[in-house]
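One structure is given here, and the rest of the page talks about it.
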């Protein structure tokens, strides 16, 4: 993986930059990328960020989890409190959660996700793992940041087989681009270095335009800076961030 | 007065068709040894309740012990889908009663609070309420709009693996509680497996850490390593090699017996 | 990043007409010093929320700071009624919004869960639902009968006195939690007064004991003796002589100023 | 106070004897008598009793509280767990609480209680402290044991000014007698040593008959045994049990 096309690092950096200092931000299961994004933001522009996770870490400083699990005991590292999953859901429900990171096996043009089933829900062709807390978090968290480790027409679809969750999606970070939700519909905010708008369109299963409109140009996602890379290498020397891409 | 029994004796308390809330989360502080004991005992038609599950639900599906899974997530995170669960659901052998983790919690809260249903925020735009038949109720005080209410799920058993317990069933959870304390309240009875058994007086020195009170507990099992191949905070981490081995075994029904034998 | 302020600065955060959930119970781990600071600051028209109250609610009633009390019990147990509260309610100066302790909890749960109402079991045969206008809702799943639902109460502030806190507002409660953890979740913002301030790293050694997470906390006050004349588990017991003195003072409005002065 | 007419001791003994081994039993605010009844039962016939109290004691062994408060830190003495008030209410709500001890300023012929107000609730002539958890506990706990430190026509009334709570009352223990609820109405189960049925009737603000019916006889409440007295004196050497009677 060349430095010029380090997709996981580019995605983490794009996710981290959207976090604002002082926010509460939750990541759930299978979330090494969001975990690293919150750690990176804490170390750079958002020292007062409060990441929350399933075991109950509050502003914790967990290591990149070699097992790939973001639900284990190490998530409490450095946490002065235990504020577990139930509390986080309630926090979001009452309007107190600023950001949630979520993913979807299918994502539609509005940013709604399917994590439940391909085919019929009752007797699926392919059973998916389920949406975890997303059905309640997406409509109640202030800002939903989606990520997806693949960008292809099977992931970005015109119609979901099942609409597991929908809500306050702000952006979707993919291996190719950052998509933003503008007036209820995903649009290309930026393409990662080396990618083109046409490549993004070809990889997306529905028509998609730049944020500025059909004919507008699309900026390049600012690539990771040397400092961002250095901090990430320090946080994740074993490159746990590659796990989702294998 | 001691409630300490063997793993097999505790498993024998569960009957075919019972509803079980399983503690822990994914591969962490899960009642794995107890799940294997249920598989060995040949239990059938169980209903399993959990927010986010991996090995325990997958193993019981592999063993043909399960009728229905009420869960918000079943899978192994970056290690992929749960093979036996997926196969069982896709074949129709097991019903996936799809939930959000949040609605599992709401259903257990209703049971714990002794009420028939629990309002839950969110779910707007989701197909789940229609798929599951969840109703919306208007706020009778006219301050909000409508809110989805989730019917209670009262498990027959909460099965929890804890770090420390006494012989009367007082259980101490270190680190992440997950939904275990709620499960201990929502269920009719509780079965604890524990890494360590200690005298009650030890718990009395820091009673704030005891989240499961003994009076609701039917059986206590001394089960060191009871969450293996998962982790147990303060005791051991996930056994990655054993997990890989299991994930291969879970794809081949014939290998279940060997796994159960090897796990003794 | 420190949220540590003086008692007077913290009291100044509260505005006339605000709704306050007060932590502790009766004479135990109550935010007494904070209540006195509110009285000195001349706050008016407060709505107070608590399951079972004594000194804090009584003092604020004596100071003319209160419009409404939402509580299940206000009194001094075997020491009798709360004199200032009773006088204020009987004169019409204060509205006693009569609750069961259970329904206070239900109202706070609804707020914490972000839902407009909370079903609660019981209340059959009680005049409370009719008196308070609480509605009954039929179980839409047809399994139970009707259940009373309590409208949410979302306090502007939870004011809690804890044993230990850090400067970021992470708060540790030792012994009885009473409803404090729920109040910290139900309220929009939290004010902590604490016997001891410690570095966050000290809390991180046993994070399970921290029931109030710092991110919801607006202000932390170092207030040793902050529950006086009440008790604080692990620190001091009820000051029986001071309590007797207060109970006499509470009967005579003119003596309030002397009490507030003596309590500095 | 002569040994032959030690009312608090007689009442505690009558309360303790109704508790069965293995039961869960809750006492709330202002409850030194129930506290001592549970301690006495634990020490004698019910070693596996699980008393619960507001601070969260589970099978705790608190001392008789000199302050008269049954809500303070000492209530956790010896407790291996903290199971606080909210949990206890939920336990009762889901059918898991065997016994609750409650009191009432007014008690009516059905065992319903008023703890709210004399006169109108909104603008009371006398504001009472409130019923604490009773409105939810009385209908949901399996057995409700009431006690009242006075037995007079102002306490036992035909009509309550306000019906704070009603429910599964089994018995009322008073300074004069034990009243049992039979077919929905209080009746005299036994009179304490030295008392007569006529004295109980005169002290009760509504017509009341023996449990056996209008003309039936009424047994004497078995007085405290020497051992019961000895255990109580050990548990409560400072006679906290007299506080309610001053």
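For reference, chains read A, B, C and D in written order, and residue numbers begin at 1 within each chain.
The criterion applied here is as follows: a contact is a pair of C-beta atoms (placed from the backbone, for glycine too) under 8 Å apart; a residue touches a chain by one contact, two chains touch by 3 or more.
Please read these numbers as outputs of a predicted model, since none were measured by experiment.
Novice: State which chains count as neighbours of subunit B and simultaneously of subunit D.
Specialist: Joint contacts, listed by label: C.
Novice: Return the chain pair with more inter-chain C-beta contacts, choosing between A-C and C-D.
Specialist: C-D
Novice: From the mean C-alpha coordinate of subunit A to that of subunit C, what's the distance rounded to whole Å?
Specialist: 40
Novice: Where the CA atoms of subunit B average out and where those of subunit C average out, how many Å apart are those spots?
Specialist: Once rounded, the distance between the two centres reads 36 Å.
Novice: So the centre of each chain is just the mean of its C-alpha atoms; given that, what is the distance between subunit A and subunit D in Å?
Specialist: So the centre of subunit A lies 58 Å away from the centre of subunit D.
Novice: With centres defined as the mean C-alpha position, give me the subunit C-subunit D separation in Å.
Specialist: 27
Novice: Please output the residue numbers of subunit D that touch at least 2 other chains, ranges allowed.
Specialist: 56, 76, 82, 92-94, 140 - these are the residues of subunit D that touch more than one other chain.
Novice: Quick check on subunit C: which residues sit in contact with 2+ other chains?
Specialist: In subunit C, residues 113-115, 120-121, 175, 177, 208 touch at least two other chains, as defined above.
Novice: How are the chains arranged in terms of who touches whom: line, ring, star, complete or other?
Specialist: Graph shape, chains as nodes and touching pairs as edges: none of the named types, so other.
Novice: Which of the chains touch, listed as pairs?
Specialist: Applying the touch criterion to every chain pair yields A-B, A-C, B-C, B-D, C-D.
Novice: Provide the residue numbers of subunit A that touch subunit B in the complex, in ascending order.
Specialist: Those in contact with subunit B are residues 29-30, 32, 54-56, 67-73, 75-76, 82, 84-86, 89, 92-94, 112, 115-117, 121, 123-140, 162-167, 243-244.
Novice: Inside the complex, what are the residues of subunit B that reach subunit A?
Specialist: Residues in contact with subunit A: 25-28, 51-52, 71-75, 77-79, 81-82, 85-86, 89-90, 92, 96, 98-103, 105, 120-128, 131, 175-179, 182, 231, 233-234, 237-238, 240.
Novice: In their complex, what parts of subunit B are in touch with subunit D?
Specialist: Of all residues in subunit B, those touching subunit D are 1, 111-115, 154, 166, 168, 170, 185, 200-201, 203-204, 207-208, 210-216.
Novice: Within the complex, which stretch of subunit A touches subunit C?
Specialist: Where subunit A meets subunit C, its residues are 24, 47-48, 50, 56, 58-59, 76, 78-83, 87, 90-96, 140.
Novice: Looking at the complex, which residues from subunit C come into contact with subunit B?
Specialist: Residues of subunit C touching subunit B: 110, 113-121, 135, 137, 139-141, 143-144, 147, 149, 151-152, 173-175, 177, 208-209.
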